[in-house]
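These are the structures, in structure tokens.
Same chain, two partners: subunit A is paired with subunit B first, then with subunit C.
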Partner chain A sequence: MRRMNCNTITPEEFVYAARDFIELSNKYFDSWTIHQNDNEILNTYIKKEEFVSHRDENDKIFLYRAEYIIFYNLSYGVPSFSFNLWDCSGKLLTLEQVREISLMKISKEDFYSVVTQQEHPVMYRPYFIIHPCHTAKIVSAFRYTSRNLIITFLGLITPLIQLNLPLEYGL
Partner chain B sequence: MANDREVLREIWDGKLPICFQLHQEEIMEIQQPDPFYVMVPRLSYFPLVTDKMKRHFLRYISQESADNEMWLDYNGQPLKWHYPIGFLYDLFCGNDPQLPWTLTVHFTKFPENILLRCPNKDIVEAHYMSTVKEADVLKHRGQVMSTMQKKDHNQLWLGLQNDKFDQFWAINRRLMESHGDNEGFKHIPIRMYSDDGICCQRLISPKNNDGSRKIIQQLLSELYPDKPEVKLRTHGILIPLDTPLQWLSEHMSYPDNFLHICMC
Partner chain C sequence: MTTIDDKQDIIQYVPFMSFVHPSFWHSLTDMKLNVDKLNENTKQIYGRYSYRDDIISVLEVDGTSFNKDPETEFHYINVTGTLMNKNTIEDFKNIDKAALINSVGEIMRANIQIKSWIDNPNSLLNFFVLSFADLKKFHYYYWFAFPAPSQPVVCLKEKCKNISTCFNEKQIKEISQSYQLLEISQKCFFAIVKDGDLYNVVTLSKILDKNRNKDEESNIDLTNTFFAFADHSNCENPGWPLRIFLAALFEYCPDLSKTIIKVIGIRCSKNGAINNSQIYNITVPETPQNVGWVGWERNERGNFGPKLANMSSSMDPVKLADTSSDLNIKLMKWRLVPDLDVTIMKETKCLLLGAGTLGCHVARDLLAWGFRHITFIDSGKVSYSNPTRQVLYTYQDCLNGGRRKSEAAADNLKLILPTVQSKGLVFHIPMPGHPIGESLKDETVTNIELLTEAIKDHDVIFLLLDTREARWLPTLISAHYGKITINAALGFDSYLVMRHGISSAQEETSINSTFVSGDQLGCYFCNDVTAPGNSLKDRTLDQQCTVSRAGVAAIAGALAVELLVGTLQHPLRVKAPAVYNLTDEELDPKLQGVLGPIPHSIRGFLHSHQTVLPTCTKFKQCIACSEVVIGKYKEEGLDFLMNVFNSGTYLEDVTGLSELQLTAEMTEILTLSDEDQDTTSI
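For the complex of A and B:
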């Protein structure tokens, strides 16, 4: 698959960055894992599961199970970030609940224009997906300077979504 | 350009008779509710055409369920509202037509692992617009959608929502134009689904390597060299094998600008 554009990456470049990222993750004792399908390069993704806590205005602490998946978005030719959060009874959080625990104070309208629930193109189930249309700009700005595109990409998502990233990644 | 207006009109006017039945578990009254019959546009989405049906069944269900999100199933399989109605029918009943299409209505036990949440029509609009954008990224690197004004985006959505062909196509025709000196899109926005509803996405060019226009037959031998018998269905019809992909994309795409095709 050829792409003439400099603000997109090929699936091969994504897989290369993903493998490199997993090596770093292992080195820094972060827990990302890579999932590959021998027959289908487009189904390659990296995943992390963890528990996250959130303190509300009344200082009450809530615990959630989180799953993050980074996959290759074929239409946009960029990495895409997707996630789900479950409460302690195993119920999937709604978009509004996700917004409430976001680290950023962000209006409903702005948040909804960036994060939407979609049928995941690789997992075939509902996930919240961060809209990829701004990622292309990031890719073109950092593709030749970034140590690893996925790290750069993650650094831009962390304000929106609570993500524990070891500082050693060099964000 | 989408020039075959008769074809566009025919596709737009496609309708399906639906019979909605309330699931037995939901009925809280002694009197059984009548089924609810309605003709719906194939190109529309269930949340846009089910307000009346919902009101019809509301008085038969428990008070607590009344504010829950309604969802539908066919033969025990939840229906994904984010796909056009006609596509869902082709997927489930394409090989074995059943009219009216009988669907079951639920207000409880929302299958959150299968269906996207749809609390209101704004969510349908957001989903629709993001799919159109994605299609435009494939066709024109997103240039048409990004140069359109907000009111054009609105007109596209309102045209679909209110079943106004002229209003919709006044804007949609711009999304169907080819750019630059070459005839055709960069890639064809196409989603092909096997009968389990799993979709395989590929970057598909409307042309062969030698520059000639690609027809369905060539697409199939490219994607499924080991399945010579596979047939493709969309809008209730089998696609002739000699149909050029570019023409198909311009005329047979759903309003979200994707071709949604069932393999059978």
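For the complex of A and C:
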């Protein structure tokens, strides 16, 4: 019996997918960690930090640190992807700078319609967030066919943010 | 055999690059504000680096660096460091950097000499941070140093080789496992000793004796011993920690300089395999002397100089509020209206005449649209009846006789957005037909000057006053100076929002035109005379004691701001045309701005929830904006104005209105006498 609302998931489904995802992450030595809050299920999230390097048009290499957080967005009922990037002095990158180092060549309008900056509902600090509208579409499309919704979700987002998703996840 | 060029073989160590996480600055600030205050103690902190082969050579510090005990992470080595935070930028700049690194170095040398590092190898490595924190601007100046003695000069006998050239797969795996089992404090520097077919990972204390006399034989079996260290380098050159390791080894046993030492730089991949580790064969051509210390980090430009972390955009709450407020408008532009000019709102200066219900709503909506220069003019004080309807005031503003409205409004706007440039002026606007006595003459003259200067200083004038008469003088001055004037007036359940034309030498609009050029549009007073005979209900518009339905001011205030923004988004601005009949489907693009066509006026009736958009041209005999009146103002200035204030009929005489009205009355009388049975229907 199909559920009425196919484009949302419950917080429990999110936590389940997250835990499953972490197991895979540990298996493939990808460094995602889960931060569980048993008192407040909505505050459970998974996080990864890594170095990202970017070569500009003059062939100079810049090193940045990226932090990715996947959390459950209550108002939209879907997983949400948020991130921040900072340089070696600790300074946060602006949205425009993130767009410039993104792997895909995207126009300003398209990029800004997908990525926005706001106060993070779980971390209470400014973060860049992929707008949840798009996630709902992904969830409804892959809900029953995806092995793990978070992997599917990441696979579609990674080119935007230069996040490395090891091929092993596809297995 | 080719001669070996000595210079080429000298080891080029891969230096550390410092990498500061934002949480480091948060913790430093916290410590400074709450713990240290002005004390300039040096503080012990922790940093860490990784020997993973896919992570670049960085030494990282973050918020946990200030913890008593460091956090541990897979494939990372913790390094003890010292933070010296200066209280002034002068102290930061003037401190002798060479002397500083030498003094740090001497402490390290002393530790090497007492050989405590043999039991605790991690203590060999040290880093130093000199800093200055400007906590008002959230600017952090910092300079890392990774001290190492400039001697001994060390050479590589041959290029580095991969570990697999000397060890087989099984041995490598065993070494890797044993290494992981080492205690944390032993992981930075250790040794690998051959024992028959096996290779054992051992701590330094197993092969070095800290109680040994310098002159004694060292007892190290160099053919079967590899020294090893956690290597952060990813290229053919070894990482920086090797430098201090060799210095310590040669201090321990100077005889080692006559031999070749084998060193392994351990590098692991993310699953822990150390197959990318490198073997270095090292010789020391000369006996090391006691010389100075090096290790200050180069900055982004490659010079020996400090780095700056400008954290204001993420740590300064005022800046955060400012950029976040701008974000809404930018999103509008990026997502919906790409041609929206967002900078013009920021730069436009708005003068709000009246800080009552209309003034407060207009101010809030201007703020939402990204306007940042707002000045209020109001002579009144906040009264107890105000806060529920005048959305910038609170109960507190009413106490003790009440704050002056324009000042309270300006201050409260800053409570909403600290970076807004808001100001409040307090004075009364003189009105036609309200005679000025001698005692008030000087004050009136001053007020006129204040008003004139204020109008000249701003780009947009909002007329949000509570009487018709008060709007006369600002209408005149504004038209004269060509400013955008937005007028809003309230009735009980109706409102009027409109834009005025300006003084212009242009010809009148032709009768056949479908639009009126912005500068030719009528003003509030033009409408008053040319509007059809108003019913009793409509006459209650703009009377001083007007009481309105609560929503009327909010609607009118919002529309006033939308009308302004629409005007500003048209390339002709104040001259933006107003179309006569806005129900036309195809509208010439020249007749609309980016947000759509801009009407002349909007009249709304809450009773029926209807809105109409009347358009009209200037009235040649308008008492406020006609060329006759403006001309008199230009010629006679203050005298003209005083005449207007002192007489109820002067304006009508000047414009010839008195005559016009007389003619109209005459016509009425004539009409009635001819057809006394007719009733004119309205």
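Everything below uses one rule, namely that the second predicted complex is superposed on the first by the 166 of 171 C-alpha atoms of A that agree within 3 Å, B and C clash if a C-alpha of one lies under 4 Å from a C-alpha of the other, contacts with A are read in each partner's own complex, and residues count from 1 in each chain.
We take it that a residue touches a chain if its C-beta (ideal position, glycine included) is under 8 Å from a C-beta of that chain, and two chains touch if they have at least 3 such contacts.
None of these values were measured; they are calculated from a predicted model.
J.: For the three-chain model obtained by superposing on subunit A, do subunit B and subunit C clash or fit?
T.: clash
J.: Name the contact category of A:112: first (subunit B only), second (subunit C only), both, or neither.
T.: In the superposed model, A:112 contacts both subunit B and subunit C.
J.: Identify the partner contact of A:140: answer first if only subunit B is touched, second if only subunit C is, both if each is, neither if none is.
T.: The answer is neither, since A:140 touches no partner chain.
J.: So, A:29: does it touch subunit B (first), subunit C (second), both, or neither?
T.: In the superposed model, A:29 contacts subunit C only, not subunit B.
J.: A:158 contacts which: subunit B (first), subunit C (second), both, neither?
T.: neither
J.: On the A-aligned overlay, A:92 touches which partner chain: subunit B = first, subunit C = second, or both, or neither?
T.: both
J.: Considering only touches as defined above, state whether A:42 meets subunit B (first), subunit C (second), both or neither.
T.: first
J.: First (subunit B), second (subunit C), both or neither: which does A:126 touch?
T.: After superposition on chain A, A:126 lies in contact with both partners, subunit B and subunit C.
J.: Looking at the overlay, does A:75 come into contact with subunit B only (first), subunit C only (second), both, or neither?
T.: First partner only, subunit B.
J.: Given the superposition on chain A, at which of 40-48, 58-66 or 148-156 does subunit B overlap subunit C?
T.: The answer is stretch 40-48.
J.: For subunit A, which residues belong to both interfaces, subunit B and subunit C?
T.: 91-92, 94, 112-113, 116-117, 126
J.: For subunit A, which residues count as touching subunit C in their complex?
T.: 29, 31, 51, 53, 63, 65, 86, 88-92, 94, 108-109, 112-113, 116-117, 126
J.: So in the complex, the part of subunit C that touches subunit A is made up of which residues?
T.: Those in contact with subunit A are residues 17-22, 24-25, 55-56, 58, 140, 142, 270-271, 307-311, 313-314, 320, 324, 327, 330-331, 334-335, 338.
J.: Looking at the complex, which residues from subunit A come into contact with subunit B?
T.: Residues in contact with subunit B: 1, 5, 42, 74-76, 91-92, 94-95, 112-113, 116-119, 121, 124-126, 131, 133.
J.: Report the residues of subunit B in contact with subunit A in the complex, numbered from low to high.
T.: Interface residues on the subunit B side: 80, 82, 112-117, 126-127, 130, 133-134, 137-138, 141-142, 189, 198-199, 201-203.
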